[in-house]
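Some structures are shown below for you to check.
Next come two complexes built around chain A: one with chain B, the other with chain C.
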Partner chain A sequence: MKKLRSLLIEIVLIICLLFLGIVWLEKSSGMSDAKVVNIYNWGDYIDPKLITKFEKETGYKVNYETFDSNEAMLTKIRQGGTSYDVAVPSDYMIQKMRKEKLLLPLDHSKLPNLKYIAPQFMNLAFDPKNKYSVPYFWGTLGIVYNDKAYQASEFKSWNDLWDAKFKNKIMFIDGAREFMGIGLASLGYSLNSKSDAQLNEAYEKLKALTPNAKAIVSDEIKTYMANEESSVAVTFSGEAADMMAKNSHLHYVIPEGGTNLWFDNLVIPKTAKNKKGAYAFINFMLDSKNAAQNTKYIGYSTPNQGAMKYLPKAITSNRAFYPTVAQIKQMEIYEDLGSKYLEKYNDLFLELKMYRK
Partner chain B sequence: MKKYNTLLAVPYFMWLIFFVLAPVLLVVGYSFFDQNGHFTLANYAEYFSSGKYLLMTFNSVWYALLITVITLVISYPTAYFLTKLKHKDLWLLLIILPTWINLLLKAYAFIGIFGVHGGLNSFLGFFGILPKQLLFTDFSFLVVAVYIQLPFMIIPLLNALDELPASFIAASKDLGASATQTFFKVVFPLSLNGVKSGVQAVFIPSLSLFMLTRLIGGNRVITLGTAIEEHFMVTQNWGKGATIGVVLILAMIVVMIFTGEKKVGGKK
Partner chain C sequence: MQKSKFSWANIYLVCVFIFLYLPIFYLIFYSFNAGETMNSFTGFSLHHFSELFSDTHLVIILLNTFLLAFLSALIATFIGIFGALFIYYLKRRSHRNTLLSLNNILIVSPDVTIGASFLILFITLGTLFSGFSLGFWTVLLAHISFSVPIVVLMILPKLQEMNDSMITAGYDLGANERQILKNIILPYLSPGIIAGYFMAFTYSLDDFAVTFFVTGNGFTTLSVEIYSRARRGVSLEINALSTLVFLFALVLVVGYYYISKDNQGRSKKKKRGVLR
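For the complex of A and B:
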């Protein structure tokens, strides 16, 4: 029994030591250190060389953490456990974070490089006058196809997806707003519709699309399209760029009749402790040359006008990734729907997933 | 001695309170609140009045049942023959070995096998069979789920069959029973406890295999796990997610009652 007791005491001691170790590590990794910038970004969403360059140029140390969904990011920032200095939420999430007062207003005088952002990407509805955010990358929702199986002419509009020849062929991105959006856009309704009648009409129409769905998945689409498990998928332009880099037979098209236009944006959350570092980082990323380098690495569309001249013509003249201003006018940015309609979209989506032939 | 006994139980009680009781209470608690934090029964009302959730529940139970039955049918003979083998421990180790590999890795391996250009399709190609869509079907979902659950069924069955004294079978044969009679009148009834614990170990986790429904089923197979994930991660309506969780817990209790060992009445 004595042995057991000493064993117990030992275990408790070890736990205490480990705990102290964590506290010490957190301290030394600079929770309070003014020389560290905590960046909270999507996975693989920055050229790592730029981080090294930033550290060299400014002397700050970057602590880079990643998330895989806007909602996961929101939860962590709301909790405030880690004091992130810069985060990268999407459009509708900025609206939500603004409502919850989780963002700090930006002082534009500390961001001289903001002038490089193209005017059509400034002052958007989700953040008037860019009070809280600076666009980082943008893109659209469209269709990727493999030219061994299909041609661009087969994907003129969203309605083409209903064609019986696609039975059990199409991969869809696993998102309620995206899937419902296909239905809404094909009927000519707004992607942010809050009309029950329109939503039900879209739902009824989408029922007929479910037999064509091969799978409703998320990141896996990239692999499946690249290794030709599937020949057509509905996904975001950024993801499409990734797949196309791996398989030259893949092409991205934006169907006519409106689609989602999305923005990922740099913000300074309320939790920020190193505001100076945050401004330095945002300004650094806005620099034309850095933005161009980052764009080459990530493959998404950059809102940085200045960066365009450093990018190869093949990229900037590709209408699938840099659509004309007139095309962009037709597209819609997601708005925060509020919990009632967010749930409605998700409920309908869940029912569609369950709907069988 | 007595004093030590209660003192030593403290860590276990703490464990039970913090890691078993508290989470269950939290789940039950959350299920009675709406998104604005008001007390409500609406979550349950919606669950039991909407065809969607009832259908999903039915789907979950149906798939779990299929998985359990298939694993049982495969495992029983396997376990039975294992007891007759010489190097039992080695064979047992080989059966347990796959459980050391992470579930996700196994799922990804199956994606490779079932793919249009995957191993199984190129194998079928040798016989002139054209590539088939195997991934994202009920078939592939069931195969992977059964494969993953097999060890959890074989082990309790093996234990139960191994404990069966050989003299019982000899006696049965001495008394003139045929091999089939011996099996159905002696072996099977005496191994029933193994069957029950195997069913528990397989059926209950099978109710919410949401990673597999996504990776292998491509979200074309929907179970309650999918809905829970959606409510916690996307709509952030924890109340509704918790309600589904409570229903699953209840379903598990029902299974436990039906398959539990009955100790009353002196009958074993």
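For the complex of A and C:
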């Protein structure tokens, strides 16, 4: 009994100490203040120094939380019980959230820095007139290759991937829309195709591509490519930038004939409690200098025109990451397909994945 | 038996331990890397540790995780002790078995199911009572409730081992129920209680699925945070953190060893005393 009692006292003491420690830390970092902005973002998707700078400039305190998929974020916001002031969904998710009335319309007069966003990235199909969202980063789907094994000329169009020399060599990003998209784009169809005939044609064509697939994986591609366990992969430009920073032999190309163009966007969810803080934060991130600093840290492409002049030429002149306006016009943004066709894409992809040759 | 005898069993044992510990040591090794990735070791440096401690957000999460584990295990142990006593003292065998099975179902059922059902419960509560939102308290409640069955299971065998005549003797000598509980039952159960506490503690510490469901804004635990950070590749800061948590676990195990050894030593001494 004596020992139980002394253990109990020790544990209670530890709990008190931990509690005091948390209170002290929160106070010293100002988290317990009323002026808190809750940011809900992808993991490691902002330069932490910018958060500190924002806190210093505006006096707000940032509570930064992270999610790992659009769907996880949607669930958390839809369920309620949370009060995120700013969230960062991707394009098709905005369409979905808009339909479910989970977003607050933006008052553009409170976002003077919106003028820095390049016109070609404004007023996009997923959010006409940017009523609910402001683009944060954008990118494409393309091919990463290692120059020890291949050259850029070998990846002119998506059709080149069918070449027999790639047998069991290519890594694909694990996504139904991405993989089906390769088939559709190679046939010249829309990535948002809702025609059964086109989808079946793409499916038949992709069947012949599966022998070339070394693996269909997600985040691991980065490590595999950087460690040279594979020399060619189909992935997003943002991921590619990460790999290239780690291994200088890697290069990113966008095949001709259209590809996916994606956007991650800043929005104010309906659950927001500190709208003023949310506007301040979005406006702060739109500032050219801040956007440039963030771009340098993340490595994705920024839609911020004003930021270009603060970025090194080597970045902004790289056509793989900043394609010309004409090239961008060829690309397509994913649209919300509706549950019926989303299921169809998923089913076809699953069949391709499971019955690989 | 000779000590240095070659045996296949020993080789097997070593292999198993290598399999189990090598990944952890690999992770720990790279937390001292001067470079930024796990691709190559470029030199010894502690800068990931200093980075870790300057990241207040992460330190708060770390403290939160431990606070949650200590507190939920404590409350779960209290509830578990009385739960075990209740099950043990049920008169009818069929009732006892039913309750025990209900208890076991909770241990067996997947975390995802538990997490999802808690989420539904808390959301419903949230709509009924305004001001009830997801956060520390919901995670604490969830952790307590999935730890209780484990504590019960750790204590029950000790209770069944206990010699009931000790209690009868206590009553004969005029002890009241409180004294019986305090002076006979609890001391006898203490190894089970301590084991139960540590089990509940580790369950809470490494739980991911349930926490992931029931956590709200303003509160995350280590496992959830690491999971969402890992999306953009695990930074070595996480390695540094894992190293510290591993060391802490080591301290905990050693501490537990000494507590239980102390126990045995004491009971041996007592036995010796009786023999004399």
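As a convention for this text, the second predicted complex is superposed on the first by the 323 of 357 C-alpha atoms of A that agree within 3 Å, B and C clash if a C-alpha of one lies under 4 Å from a C-alpha of the other, contacts with A are read in each partner's own complex, and residues count from 1 in each chain.
The definition used in the following text is that a contact is a pair of C-beta atoms (placed from the backbone, for glycine too) under 8 Å apart; a residue touches a chain by one contact, two chains touch by 3 or more.
Everything numeric in this text was worked out from a predicted model, so none of it was measured.
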Problem - First, second, both or neither for A:Q120, with chain B first and chain C second - result: neither
Problem - Contacts of A:N318 with chain B and chain C, given as first, second, both or neither - result: neither
Exercise for the section: Once the structures are superposed on A, label A:D174 by its partner contacts, choosing first (chain B), second (chain C), both or neither. Expected result: first
Problem - Per-residue contact with chain A, leading partner among chain C and chain B - result: C
Exercise for the section: Scan A:E343 for contacts with chain B and chain C and give back first, second, both or neither. Expected result: first
Exercise for the section: Have a look at where A:N200 lands relative to chain B and chain C in the superposition and call it first, second, both or neither. Expected result: neither
Exercise for the section: Applying the touch criterion given at the start, work out whether A:K353 contacts chain B, chain C, both or neither, answering first, second, both or neither. Expected result: first
Exercise for the section: Scan A:L4 for contacts with chain B and chain C and give back first, second, both or neither. Expected result: both
Exercise for the section: Look at A:K246 in the shared chain and tell me whether it touches chain B only, chain C only, both, or neither; answer first, second, both or neither. Expected result: second
Problem - First (chain B), second (chain C), both or neither touched by A:N227 - result: both
Exercise for the section: Please identify the positions on chain A that touch both chain B and chain C, taking each partner from its own complex. Expected result: 1, 4, 8, 227
Completion exercise
Within the complex, chain B is touched by chain A residues 1, 4, 8, 69, 71-72, 168, 171, 174, 176, 213-217, 220, 227-229, 339, 342-343, 346-347, 350-351, 353-354
Problem - Of all residues in chain C, those that touch chain A in their complex - result: 37, 39, 55-57, 59-60, 63-64, 66-67, 70-71, 74, 119, 122-123, 126-127, 133-134, 182-183, 186-187, 190, 193-194, 197, 216-218, 220, 225, 227-233, 235, 259, 262-263
Problem - List of chain B residues in touch with chain A within their complex - result: 4, 8, 11, 35, 52, 55-56, 59, 111, 115-117, 133, 135-136, 214-215, 218-220, 222, 226-227, 230, 233-237
Exercise for the section: Give every residue of chain A touching chain C within the complex, in rising order. Expected result: 1, 3-4, 7-8, 11-12, 14-15, 18-19, 21-22, 25-26, 28-29, 31, 38, 40, 42-45, 48, 63-68, 76, 79-84, 219, 222-223, 226-227, 242, 246
